[in-house]
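In the two complexes that follow, chain A is the common piece, with chain B as its partner first and chain C second.
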Partner chain A sequence: MEEIKKIAKQLLSENKIQMVIGFEKGTANKVRPAFFKNADDVEKLIYNDTCIHNLALYLKKDICHHIANVGIIANPNVVRSIIQLASENQVKEEKITIIGISYEGKCVGILDFKAAEEFAKTQPKGLKPEDRAFIEKIQAMPLEERFNYWVETFSTCVKCYACRASCPMCYCGKCNVETNNPQWIPVASHKYGNMEWHIMRAMHLAGRCINCGECTRACPVDIPLNMLSYMLTDFVMDEFHTEAGLSTTYAPALSSYTNVDKENFIK
Partner chain B sequence: MEILNKLLDKTALSTLIERFGKAGKEVYAPVKENGITDFAKVDTIDKIDFECIATKQSAKSLVFPRVEKILSFEKSYDDISVKNVDINAFPEVVALGSRPCDAAGFIPLDAIFSTDHVDEIFNARLKKLTVISISCKKADEYCFCTSVNGNPGNTAGSDILLTEISDSTYFAEIVTEKGKAILDANTDLFKDTSAIDKTPHLADVKQEFTAEAINEKLNNLFESDIWDKQALRCVGCGACAYVCPACGCFDIQDENKGNKGIRYRCWDSCGFGLFTLHTSGHNPREKQSQRWRQRIFHKFSYQMVQQKQFGCVGCGRCSRACPADMNIAEHLKEISIN
Partner chain C sequence: MSEFEPKIVAFVCNWCTYAGADLTGTSRIKYSSNVRIIRFPCTGRIDYMLLTKAFASGADGIIVSGCHPNDCHYTSGNFHARRRWMVFRRLCDFMGIDTRRIIFSWVSAAEGAKWAQIVNSANEEFKKLGPYENYHKLSTQEIFE
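Our next item is the complex of A and B:
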């Protein structure tokens, strides 16, 4: 942690960056995102293994808009998110300084985008053995049972959109659910409204989700919706042999075409 | 009415649930499922989670469901027929094991739905709701009821308040006529007692500020920079509003298929950018900080002016649910000493 602070302080005092996005002590033994604008503030910066929020979210918020260069304390999930955002032309390298933290919590110093790509490849994904077991259980279900499982699981959704609001990849200025002419997705959080929302979101994240699990962490009713994204990541890997969050020149599987793409779905 | 003091054996609760069922009443209580405790329909006592400090979601959906059908319509060549939802078909509901803050939440909610315009649907549901709360013997670091005129043994909003005074017995306070109706129908279960001091049996929730002090301070804080500072980390979701027992904002949605359709009332949140977006494209609350300020002002200033009622009961659900730790009690405490 001291090393992170040292780097952050130096960058701020040399005016190489004008703000650091990191963590501070929150309430009830929690940590929370915090924004440090000068070296003295950095004293409050903390980093421990509960600092799992995906801070890349804030790179697309108002707070970063008028800042020449933003430093960000970046664990592997944040690094992957930044790489993915870069591949979608949402962040510029000259406006971000990545202070990398490995999955073991070790500071790896400042990463440019090329170094970030290399770093991301060395870091294991946040899929825990119990997550893998859960996915296998779902995948073993017959199609109808699997569909009913998700209908049931999503039926408790209250449509607070915390999943969307906490996702760095959900950066659309106007989300599809906010379009009402035509109304693609019902606003009401009844059974089908919920199902359509989550299917739509999963489709928009297929091949783009970096599997940080932030959506599920944010969900006030603990819906394991990240599992659907994990399953789609597997699917994209199997079918297209690509993975999000590893290359700034990545072309998302569902919005790009290559001459080796299978066409066996055309019948 | 004057509160009646009674004793109720814990075992009598299952008899009560059984009798409610026989009388056609639906009983909702905190039930733990997949690790989450929320209000759910029960027919036996063993499903009830009595240890839960506060359910994830409040009890408000019993009177203000997250999706409520309000009418259906059908167009013909030269006419439209509209059919209102049948409010007489709503079931009699008993909320059992709600906390005093849950019960207190129905008061500001009622004020929202009954000031100026009396909302028929909400009031029909509220009229058919009986609230049997259980005082809190435990609290957590998010609870702040005592700072907003509540307390762990508060009777406001409950029809009957039960306080556990021993492993086998509740001290039952019969607060309203609805509570008395339950007492009268079950006289064999309630025993007489004189008033009992509940304090030793209640959780200790430290008072950090007063709602009145917040109300006073807000008079000069509309243009303050505290809103910008606080809202920096807010992600702009609606989790706080949706778990809040006192948030009553809603959105009206029509869903049609061909010539027929249904009109729904759906929960909405002032935290959403879309909430105040005008058709012109102008948004009077375009920044998250303005939306956060609205949340605080509405609960601690506007509602007091309009309805003589604060819009917060200190249950702490918003703070527990917030993905960015926007702890409202911490924020209000800062305002109070500002």
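Our next item is the complex of A and C:
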């Protein structure tokens, strides 16, 4: 933690960066994301096991718009998010300074994009065994039971869109759910609208999700919606042999193609 | 009671399958009349949300069809569509949406007979599966629960 502070302070005092995105103490023994604009404030910066928010989210928010260079305390999830955002031309290398931190909390110093790619490769994301077990459990259900399971699970959804708000990949200025001509997604949170919303969300993140799990963590009713994305990440890996968040030159799975994609289901 | 006639919605591309279906007609080949053909500029334009909308609006089965690979009028629309369908089918399967009710095919402008055969076999299959009550219920009755 001292090392992170030292780097952040130095960068700020040398005016190499104008803001650091990190964590500070919040209420009730929790941490919250914080934005430090001068070196003295950095004393408040903390980093520990509870700092799990994906800070890459803020890179696309107004708060970073007019800042020449933003420093960001980046755990592997954040690093992958930044790489993925870069591959989608959403962030520029010269406007970001990544202060990398491994899963174990070890500071690895300042990373440029190339170093970030290398770093991301050494930090395995993969599915946790319990996630895989969950996916297999659903897969083993008969079709109807599976459908009912998801309908019931989604029925608690209140359409707060916290999953969208917490997702660094959901950066569209205008989301499809706000479109009302045509009304793609019903506004009310009934079973049908909830189902459509979650189908759309999963499809829009297919091959782009970097599996940070923020959506599920942000969900107030604990819908395991990251399982949809995890499952699709697996599928994309199996079918297209590519993975989001590892390369800044990544060709998104759904906007690229090869001549030999499987078509055994097409008549 | 008369036999169940499934409502089939066909999303087809303008350049191949729509022309193919036209050929079926001009060749005077008979095929099931319970298919509603919707014409799109390209299979690449066929959004997966349109498919879920079709189910929600009462379709029992869906046919999605376009140009054969390498025949796309816009060069790569059907390649992009193919990938999207692969992922969408996987997602549907995982979420318990019946993928047997969504039939994908390539029908060129010269394949009038193939189009008739695709629609007829789809019709037979959807008849066997019966009305898609699960999804219909979701979109109608249970809204105001």
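To be clear about the criterion, the second predicted complex is superposed on the first by the 259 of 267 C-alpha atoms of A that agree within 3 Å, B and C clash if a C-alpha of one lies under 4 Å from a C-alpha of the other, contacts with A are read in each partner's own complex, and residues count from 1 in each chain.
Please note the rule applied: a residue touches a chain if its C-beta (ideal position, glycine included) is under 8 Å from a C-beta of that chain, and two chains touch if they have at least 3 such contacts.
All of these numbers come straight from a predicted model, not from anything done at the bench.
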Worksheet item: What is the contact status of A:Ser166 with respect to chain B (first) and chain C (second): first, second, both, or neither?
Response: first
Worksheet item: Touching A:Leu57, do we find chain B (first), chain C (second), both, or neither?
Response: first
Worksheet entry | Winner by number of chain A residues touched, once chain B and chain C are compared | C
Worksheet entry | Partner chain(s) touched by A:Ala253 [first = chain B, second = chain C, both, neither] | second
Worksheet item: After superposition on the shared chain, which partner residues are touched by A:Met203: those of chain B (first), chain C (second), both, or neither?
Response: second
Worksheet item: If you stack the two complexes on chain A, which partner ends up touching A:Gln139: first (chain B), second (chain C), both, or neither?
Response: second
Fill in: chain B versus chain C as contact partner of A:His190, first or second or both or neither
both
Fill in: First, second, both or neither for A:Val221, with chain B first and chain C second
first
Item to complete: Would you mind listing the overlap between the chain B footprint and the chain C footprint on chain A?
Response: 188, 190
Response to the item:
In the complex, the residues of chain C that touch chain A are 48-49, 52, 56, 69-70, 76, 79-80, 82-91, 94-98, 103-106, 118, 134, 138-139, 142-145
Worksheet item: Mind pulling up the chain A residues that touch chain B in the complex?
Response: 26-28, 30-35, 53, 57-58, 62-63, 158-162, 164-166, 178, 183, 186-190, 193, 214, 217-218, 220-222
Fill in: Residues of chain B touching chain A in the complex
34-36, 38, 56-57, 66-67, 140-142, 232-233, 235-239, 241-243, 251, 253, 255, 264, 266-267, 269, 272, 274, 287-288, 319, 321, 323-325, 327, 329-330
Response to the item:
chain C partner, complex, touching residues on chain A are 135, 138-139, 141, 143-151, 176, 184, 188, 190-192, 195-196, 198-200, 202-203, 206-207, 228, 231-232, 235-236, 239-240, 253-259, 261-263, 265-267
